[in-house]
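Chain lettering (A, B and C) follows the sequence in which the chains are written, and residue indices restart at 1 in each chain.
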Amino acid sequence: MVETLLQGLLLGGLYCLFALGQSLMFGVMRLTNTAQGDFIILGSFAAIAGMNALAALGWNNGFASFAVMLALLPLAFGFGYALQRWVLNGTLGRDPLPSLVVTFGLSIVIQNLLLELFSADPRSIETGGLNTASIALPAGLAIGVLPLAIFTVALVATGALQWLFNGTRLGRAFRAVSDDKEIAELMGLNSHTVYAFATAIAFVLIALAGVLQGMRTTVSPADGPLLLLFAFEAVIIGGMGSFWGTLVGALLLGITQQIGFRIDPGWGIWIGHIVFLVVLVLRPQGLFPKTRG
Amino acid sequence: MTHAQVIRSTPGSRAAQLAGLLLIVVAATLPLWAPEDSRSPWMREFVEIACYFIFAMMWNLLAGYGGMVSIGQQAFFGFGGYVMLMLGNFAGVNPFVAVPLGALVAALVAVPVSFVAFRLQGGYFAIGTWVIADVFRLSFANVSAVGGGSGTSLTALRGIEKATRENVTFWIALACVVAAITLVYLFLRSKRGLALLAIRDNEVAAESQGIDVRGTKLAVYVVAAFGAGLAGALYFVGNLRISPDAAFSVNWTAFAIFMVVIGGIGRIEGPVVGALIFWALNKFFSGYGTWYLMGLGLLAIVVTIYFKQGLWGWAQRRFGLSLFPTQRTLRL
Amino acid sequence: MTALLQASGLTAFYGDAQALFGIDFELNAGETVAIIGANGAGKSTFLKALTGLVRSRPDQIRFDGQSISGLPPGEIVKRGIALVPEGRRLFASLSVEENLLMGAFAQRPGPWSLQRLFKLFPVLEQKRALPGTALSGGQQQMVAIGRALMSNPSVLLCDELNLGLAPIVIKEIYDALPAICAEGMTAVIVEQDVSMAQRMSRRIYCFQEGRVALQGASDSLTREQISQAYFGV
């Protein structure tokens, strides 16, 4: 039982990384990115392509994967910035439909593009054995090094994001423009640029999540939508407007799914969905809705 | 004192109604006049496009008029299909009769589903409905009586001769299309329909006028679920084989969104135009597989950003056309 | 002497509905001008047009000799016009101090700083870490004024400062205005209270249904003139 809980927590760490970008984009500009999961998978495949390129140049050990990941992050930042500035900014407004349709369209484009470039075969990122290494704990338990690393990254990312929001000028701008766009512009803010920065940061998180997912397990072009659902569930269970809440929601989802998988492999995801729906009915604002301070 | 008239139809709409009637007569007699070898594929193609169209029509009702954008209507589509199959295979009901029954049960299940779904709004409502659809998918995938994850066949139609089966399926599809259009049209012209438009424009103001917002939204959701269930039941009567991944695939909603957005959301003509364009694109380009789908996605993106009212909406603005007028014009 | 801020034939629309029908307005450096008028007369719309929140036609507004029509609000703030909006409109997710710091986002040089604001409104210093919306109406108004001052404007536009406030609080706020305007600040105040407007300003404009119905020196306009212009009778 303890092992299941541990594994659930570590899985939740990954789900937190899936969800942070979504939480950020929705928090700042009320934009629901239905292509969230597909962008994560795009990140995975971008890393795979990078690895293939490095291998062709003769560099193919575990460290290559980290080099690729580091290189991918600034690329993701620029990509997210450009996407928001030139495509998504045009869809914002009171009507949620345009942003939903455009991101949904992007989801379809990405899935089919990946299918075309990489075929439907599942792939993964070579980590030089890191994904099977484990640490022995007391009481005969063992946890994987990679899942632990992912969990740590999730903790750091959540803390960093929370600090960004509460302690920096950019974070103030994010909160201001989300509260009252018109008055924020009156202060000298350019909402288009602020939104672009928000998405840029969200995409760094997406790229991170994609690479880690590809290291942890195999990925294939059609995996995106399910990751979106997990990210979304984590955000709702945790409560909107709080990054620590998203982390807690993700951990709960991870634990729930692991328990489900233990009972029967076919029921893991289903139980996660059900718990999400129960939380939605009983406490729609989530467990830790936006708290001040 | 000038006499004010409320005009509810236009010359264009009256012409369209006549043309529509003619089309229905021509289509209904298709099995009689169509050449031998193209009869079967034409009818099958029609049934398929009819399902896409009805589903898109209902999605348009929900999103364009009801203001509820859902990515989970496929839940009712698949549910209607499975109910039809179960009634046919296990309860001995004639599958053709089971089609409207499946729709009815889908509408009934929409009521408890709405208790959950209505907790969310806007973009999160959309994804929440997708989660619910996934719950449906996973649930049916774990029921071995209907074949679990790999699905099962509609055995109840085994005894019927192929030509008869295809003819009846075709006529039922035609009837469903006419029924769906009529249902939506009448609903929107009714008092409930006006209430819906008021809610869409300003929910708070509508509530203050005494409009039952929640009740109206529930009504639309149930009607949309009925239509989706109808399309699903019809599809699998034609397809004869059902599986959770096919029944509850998000692609149904994806294509519906495409048709409605291209045609123009919030107009009845929208899905009609969109379905025709979709059918044409499908006919000529679906052979290109992934590139075709990428093209559809890009087209939807471009139309959403640059032609906010869809292509028909753009034409309506430009030329003032209206085939299914639901507005009332005051002529003094 | 050319006016610091000048509107000529200013028209403004909300979508298809016209709200302002050719306003002529002049503001000279260092003076305080009041705008009065009934609800819906276009006073708030006028201030919004001056700050770029509502679009005006080209060349209808000139500030410091240059046209500012069509510029985004951020640009106009950078040039030195600040608005204290109707209804305060503080940022709900930000603390009092953060709200004030947002005002300085445009980073214009000048005498106003957090310290100076806290001297002007001491109660804000005590509550600096609280969320903006946890304060009373009057204190929120102080934050809104402070936020505008933090951009070191040369022109301060105040939209209905006393909306929804108790009389004693209103007095407190208006007592602070002279301190603000003492350093040569130019101000426009939109007011419902006519006698307050006359006391606080040198000149008055009276708006009626999107047009200027009356203008003149505050101490020379009579009761009858004002009520005639105000109500259009």
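Basically, contacts are C-beta pairs under 8 Å (C-beta built on N, C-alpha and C of every residue); 3 or more make two chains touch, one makes a residue touch a chain.
None of these values were measured; they are calculated from a predicted model.
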Most central chain, Cα average position: A
Query: Compared with chain A, which chain's mean CA position is the farthest off?
result: C
Task: Report, in whole Å, the distance between the mean C-alpha point of chain A and the mean C-alpha point of chain C.
output: 44
Chain centre separation (chain B, chain C; CA means) in Å: 53
Statement: Between the Cα centroids of chain A and chain B the separation in whole angstrom comes to 33
- prompt: Hey, which residues of chain A end up touching chain B in the complex?
  reply: 26, 30-32, 34, 87, 90-91, 96-102, 104-109, 112-113, 115-116, 225-226, 228-229, 232-233, 236, 266-267, 269-270, 273-274, 276-277, 280-281, 284
Message: List the residues on chain A that touch chain C in their complex, please.
response: 169, 172-173, 175-176, 178-180, 182-190, 290, 292
Chain B - residues contacting chain A, complex: 63, 69, 71, 115-116, 119-120, 122-124, 126-128, 130-132, 134-135, 138-139, 141-142, 250, 254, 257, 261, 265, 290-291, 293-294, 296-298, 300-301, 304-305, 308
Interfacial residue positions of chain C with respect to chain A in the complex: 51, 53, 72-74, 77-78, 83, 85, 89, 91-94, 98, 101-103, 105-107, 131, 147, 151
